[in-house]
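Labels run A, B, C, D, E, F and G following the written order; every chain starts at residue 1.
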């Protein structure tokens, strides 16, 4: 086939020409660092990737590099700002110029980096982890465990070769209180991609001896690197929070707390601080015990002293008390006895008075009766003096009246006044008709009698 | 009639009887002066009795006052 | 009537009866002096009785004071 | 009345009854001297009783003081 | 009353009751002399009891001080 | 009462009860000497108990301080 | 109480309970020496446990390393 062809170089030259014409420089690009290595000359070569947010599948990939001179500057700037080393897995916002070289192909030259983007991304990730832990209800679980008064048996999760671990153990063993600490290292990789899994594995080992240990200490073995991403990871945090023993962290970080610190029972800055904390706690306990022992000693002595005083006080007070009681009773009795003759003689005196009053009453009432009777008798006497005389006077008057009446009726008195009485045959003549002519009649006068014959009889007409 | 036994009251009764008759003119003039005499006698008797009684009473009262 | 058994009260009652009759002129002249005598006697009896009683009371009171 | 069984209170009650009657003049002169005698007797009884009681009190007090 | 079972307090109470009655004239003179005797008895009982108790107490106290 | 089982507190309580009664005159004189004896006994018991306790406690404290 | 199983916290709790009672004077003199002994024991237990090497624990740690 005699088809016309161009050489690869020609092709690459053409691509280079197209790309140069496209002016793809000083573009801000978001990407994830897939791989990062620095060569002998200090140039940094990266593999930038982009993954689908949901499927996590690779959707773009490109090589990139930072010139050594630029890299030193950018790295320092990035690390001092974010507190993170520029490393695999970080999402970065970088200023790139697209470069195409005939030999090396396409490459992105990184000229600048914006650390705030990475920080935002890291913070978001941390938030996501925390939210997930919270949703699962394990966020506070380790914090809720009670830290024993003395943490004597310690499981250490650390890198055994790290200087931090050695210092930590040294510090514990030479504590000023002479407390005996028991510790066992459960080694783990404390940085890099494998750290997460390694730490989780160490926790699982400790879990086998969970009844033995008092607490777990998670310390980072030191070193210059500040790659702490693993301590923000979900699995590490998940293991810490769910662990049945209290976890104390001493990871050593300068910036924000890591998620591991947040879920740990106690978070301290450094392994040294953790050792000091443990020693201090044991020391406090010793002090506490000694203090209590002293307090008890004082209280026991005080108590006994107090009771002794009380008993002696009772012993001292009840004797006078009894005597006072007896005295009181005696006084009361004597008072009663003293009142007795007074009461008795008062009573007798009252009765005497009463009897004396009887005499007066007798005198008064008896005299009254006799006086009354005397008056009655006097009255009788007066009536007696008056009444018979009165009666007699009445009778005298009656006599005089009777006498008068008789005197008035005496015929002698009539004769004396000139009246006369005529008799016929010795019989008083009261009617003219009683006599006839020729009858002899006698008429009596006061000083004698006349005798004669009736010459005529004149009867008066009827009245 | 035994005068001793005659009481003042009987005497007064007799006097009053006689006076009654006199007033009712039941008495004859013939009886009249007899009766007048009787009354006179009775009155005297009464007076004497009264006097005696009076004296006796006086005496008793005198004694009482002593 | 046995005077010994006569009480002061009876005596007073009799006196009052007689005096009542006197006042109401229920007494005859014939009875008068007798009754006056009786009253006099009764009064004397009462007086004596009173006097005795008075003396007795005095005596008793004297005794009481001793 | 058996004097032995008579109590002071009974005696006082009797005295008061008699005095009441006296004051209300419910007593006859006939009873008066008897009752006065009775009162005198009762008073004497009461006094004796009081005196005895007084002596007893004195005696008891003497004994108490020993 | 069986004196053995009588307590001091009862005795004092009885004395006070009797004195109260005396003062409030609730006691008959008839009871008075009996009660006076009773008080005398009670007082003697109380005194003896007090004296004995005092001695016993002294004895106990002596023993304790040894 | 079995003294063995008696506690110090019971003893103190009993003493105080007795002293209270004494002060409030609720105790009869009859009980008094018995109660005084009882208090004496209890005080002696308390003293002994306190002494023993003190010795025991001091011993323990000495040991602890070593 | 099995000493092996006793924790510092339990020891502390017990000590504090006893001291609380002491402070509130809920302790009898009778109990005092027992309680003092107990606290002394607990204090000694805590001190020993804190400061001395426990072979058993060491052994377990050894086994862990293998």
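Please note the rule applied: a contact is a pair of C-beta atoms (placed from the backbone, for glycine too) under 8 Å apart; a residue touches a chain by one contact, two chains touch by 3 or more.
Worth saying up front: this structure is predicted, and the values here are computed from it rather than measured.
When you average the Cα atoms of each chain and compare centres, the chain farthest from chain D turns out to be G.
Across every pairing of chains, the maximum count of C-beta contacts belongs to A-G.
The greatest centre-to-centre distance from chain B, using averaged C-alpha positions, is reached by G. Chain B and chain G, compared by their mean Cα positions, are separated by 155 Å.
For this pair, chain A with chain G, the centres built from the Cα atoms lie 37 Å apart.
Separating the CA-averaged centres of chain A and chain F is a span of 41 Å.
With each centre defined as the average position of its C-alpha atoms, the distance from chain C to chain E rounds to 65 Å. In chain E, the residues that reach two or more other chains under the touch definition are 8, 29, 32, 36, 39, 43, 46, 50, 53, 57, 61. For chain A, residues touching at least two other chains, in rising order: 293, 300, 304, 307, 322, 326, 329, 337, 340, 344, 348, 351, 359, 362, 366, 370, 373, 381, 384, 388, 392, 395. If you check each pair of chains against the touch rule, the ones that pass are A-B, A-C, A-D, A-E, A-F, A-G, B-C, C-D, D-E, E-F, F-G.
Interface of chain G with chain F (complex): residues 28-30, 32-33, 36-37, 40, 43-44.
Residues 8, 12, 15-16, 18-19, 22-23, 28-30, 32-33, 36, 39-40, 43, 46-47, 50, 53-54, 57, 61, 64 of chain B are the ones that touch chain A when the two sit in their complex. By the touch rule above, chain D contacts chain E in their complex via residues 7-9, 46, 49-50, 52-53, 56-57, 60, 63-64. Only residues 293, 297, 300-301, 304, 307-308, 310-311, 314-315, 317-318, 321-322, 325-326, 328-329 of chain A touch chain F when the two sit together in their complex. Taken in their complex, chain A has these residues touching chain B: 381, 384-385, 388-389, 392, 395-396, 398-399, 402-403, 405-407, 409-412, 421, 428.
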